[in-house]
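Next come the structures, one after another.
Presented sequentially are two complexes of subunit A, the first with subunit B as partner and the second with subunit C.
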Partner chain A sequence: MAMENFKIAATERSPEVNFDFDGCRLSLRGESYPEDASTVFGPLFSALERFLATIGEREFVVEFDLTYFNSSSAKALMNMLKLLDHAARDGARISVSWLFAPDDDTMKEFGEDFSEDLEHVAFNLVAVEPAA
Partner chain B sequence: MVQGVGEGATNGSNRTERGVDSVMLAKYYRAFKHDLDRRGIIFSFSGYLSEGILYSLGEALRQKMTLEETNVNTVKKVFSVFVEQAQNIIRYSAEKVAGESDHPIELSSGMVTIGTENDRFFIVCGNVVRAADEPKLRQRLELLRGMDKDAIKAYYKEQLREEPDEHSRGATIGLIEIARRASIPIEFDFDPIDGESFFFCMKVCI
Partner chain C sequence: MAVFSLFDAEEKALEQARALRRSLADAPEAVRDGLDTLIGAYDSSVREQRRLVKVSDRLQGQLASLNQELGKRKAEAEEALANLRAAQDSLIQSEKLASLGALVGGVAHEINTPVGVALSCASHLADATDAMRKLFEADDIGIDDFERYMATARDTSALIVGNCERAAALIRSFKQVAVDRTSSERRSFELGSYIRETLASLGPHIRQAGHRVTVDCPDGIVMDSYPGALSQVLSNFVMNSLVHGFDPGTGGAIVITVDRPTSGQVRMIYSDNGKGIAPGNRSRIFDPFFTTRRGAGGSGLGLHIVYNLVTGPLEGGVAVDSPPGGGASFTVTLPQAVSQ
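After this line comes the complex of A and B, so read on.
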């Protein structure tokens, strides 16, 4: 059964979400500070759960390219990462990349903090020079 | 902040029944503006806050700091504290107007002030809280005030892993985020209004 790809355009306070089911890729880009993070992350979480149930042997590549998020988004991101880690524990091949600008201490520290709780996914902290 | 400052405000004879005498208008607001400037205020918003207003004020704040070549990490800290404070007002201010049930819009009254003093940025929020909510808020803030940087970071991580508290709508982690970005311990105060409410105020320096 083919699943529809899941795309959400960025808004002023929420990130661009690009979930390519066939390509086995998910990316979040931009900033996230909605007052109620569940409006953004709720539908994504459901799509992720459906997708993980069908993943099989394929490698799933997840990329977080966020420049700022508020505390309620941080909580939602943690829940997403937990879900990914549980799926990896159960055998899924999952790699997570956490992108940050080299001078952005906050996003780097968040990446380090999140990675400490992940035991099963392959987690990469990647310093990326912003495009000129 | 406005009352009692400048000639227009202190001298009753300058005022008419309806407010400021038109002859005194410029003097009155010049004094008001001067007082804001004297306190190092970049901007101060008082009134009903919405997510849209938060976004616009936040953009203005970031533009201002970026134009002045403020360190990128300082800009992020100030912006983060501003967002968490404004969202706390939106969530918890006891002064609210809510739309019809099919219009999920909620306006909450409060004040957010951002400025500089002693080479630091400061962000102050103020809003009315219900007396019933005061002890828990005070307790949370006192706990954070007693923690050093490492303890605050550890507490943040602990709260991140916790399942959400149904009643708090995320306040605990928002307050920890604020404390985490602060350069010196956060200051806060409660001023009793009547038996049912307090004016709550918090000042964060970065």
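After this line comes the complex of A and C, so read on.
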């Protein structure tokens, strides 16, 4: 059964989520400080778990393009990365890109900090000029 | 679907540790006690993490709300500033109109005198003619009557012609000033005569108070610029001297000196021998709404308009000075021909 693509539009306090199952891509863009982290990350986790079970030999590309997040989002992101790392340990081909604006040292340091706990996914820090 | 928990992994680890502890019921006491201590410490550490996440989430949420509020306030402040600027512009416009009103008032006053003289001469001549007609109809004109009438007719008609010519000349010079002032058109004009024409339209204001004006300007300086703006600048300087410089009842002196410091440049120094400008006010004198006469008719826009006109359409500069000998002095430097 083909899964439907999973998309959440950005709100003032939550990022845009774009999960393209057929294209094997997931991206999170924007800011994340929702009132309740489970409303944003709960459905995303379920979708991610279902998807990882079907990934097979395909390469899965995950992109984080966040400008701000709060503590529970940070925890949720780490949980996501661990889930991906476990899948990679079990043989999945997964590459993670962590995007940050060149002048945003905080976001760059968060990326470095997260990557220290990952062993199996390919993790790339990418400096990107924000779109005008 | 399982309930989403941020601390799912920690809860599972804790559950496994507790199961392990249960399976070790027969282990030595030191092992059981040690494991109990570890599980207790991990449990309280996870609860501590939850608390910290909750606290910092709340702080971050407040920060975001404050940022939004700040953005809103900033937008409001910017809008208020834009409204203020618009109000300032419209005040400047009405101040310009008011000074045009003063100019028209001056013109009316100036023309009133020759027209009034001409009118009373004409009326006197009509009366004399009427009296002559009655004598003629009664066939009773004597030589004396005729000679007196001829003298009256000669004198009054000369006065009528002279005063009408004076009125016509005044109207001609005012017309150009008024047209320039309202049209803001660029044209060529001779600087010296233009300064004198403008001063003539301000004549009543100056003369009534007993002030003297001296213009020292070389002949033949032809400007290619905006005469209306220049006339407005000069009027505002004069009104500034009259309102701020000279005490009521004391006759002051105004001197306008023009020279050409370099080719293509004209320097006009306007000075009066009034009270001068306090050193503390000199840096603010061109600011909008700066006035020492708030509530006494000062709008604080006269010299601001001067500054705008000189640095704007006239493409020049203006500086203020209070010379040691007293009085105020303004130096206006202008290109003889403006670029646009």
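Everything below uses one rule, namely that the second predicted complex is superposed on the first by the 132 of 132 C-alpha atoms of A that agree within 3 Å, B and C clash if a C-alpha of one lies under 4 Å from a C-alpha of the other, contacts with A are read in each partner's own complex, and residues count from 1 in each chain.
Please note the rule applied: contacts are C-beta pairs under 8 Å (C-beta built on N, C-alpha and C of every residue); 3 or more make two chains touch, one makes a residue touch a chain.
Remember, it's a predicted structure, so these values are computed and weren't measured experimentally.
> For A:D104, select first, second, both or neither according to whether it touches subunit B, subunit C, the two together, or no partner.
Only subunit B; A:D104 stays clear of subunit C.
> For A:T54, decide between first (touching subunit B), second (touching subunit C), both and neither.
After superposition on chain A, A:T54 lies in contact with neither partner.
> Touching A:D113, do we find subunit B (first), subunit C (second), both, or neither?
In the superposition, A:D113 touches subunit B alone.
> So, does A:S72 touch the first partner subunit B, the second partner subunit C, both, or neither?
both
> Which partner does A:F45 reach: the first (subunit B), the second (subunit C), both, or neither?
A:F45: touches subunit C, not subunit B.
> Could you look at A:E35 and tell me whether it touches subunit B, subunit C, both or neither (first, second, both, neither)?
both
> Following superposition on chain A, which residues of subunit A contact subunit B and also contact subunit C?
13, 33, 35, 37, 70-72, 75
> Show me the residue ranges of subunit B that touch subunit A in the complex, using the header's touch definition.
Residue positions touching the partner: 51, 55, 72-73, 76-77, 79-80, 83-84, 87, 90-91, 153, 156-157, 160-161, 164, 170, 173-174, 176-177.
> Contact residues on subunit C for subunit A in the complex?
1, 3-9, 52-54, 56-57, 60-61, 64
> Can you name the residues of subunit A that touch subunit C in the complex?
My answer: residues 13, 33, 35, 37-38, 41-42, 45-46, 70-72, 75-76, 79, 82.
> Could you list, by residue number, the parts of subunit A that touch subunit B in their complex?
Per the touch definition, subunit A meets subunit B at residues 12-13, 33-35, 37, 68, 70-72, 74-75, 78, 101, 103-106, 113, 116-117.
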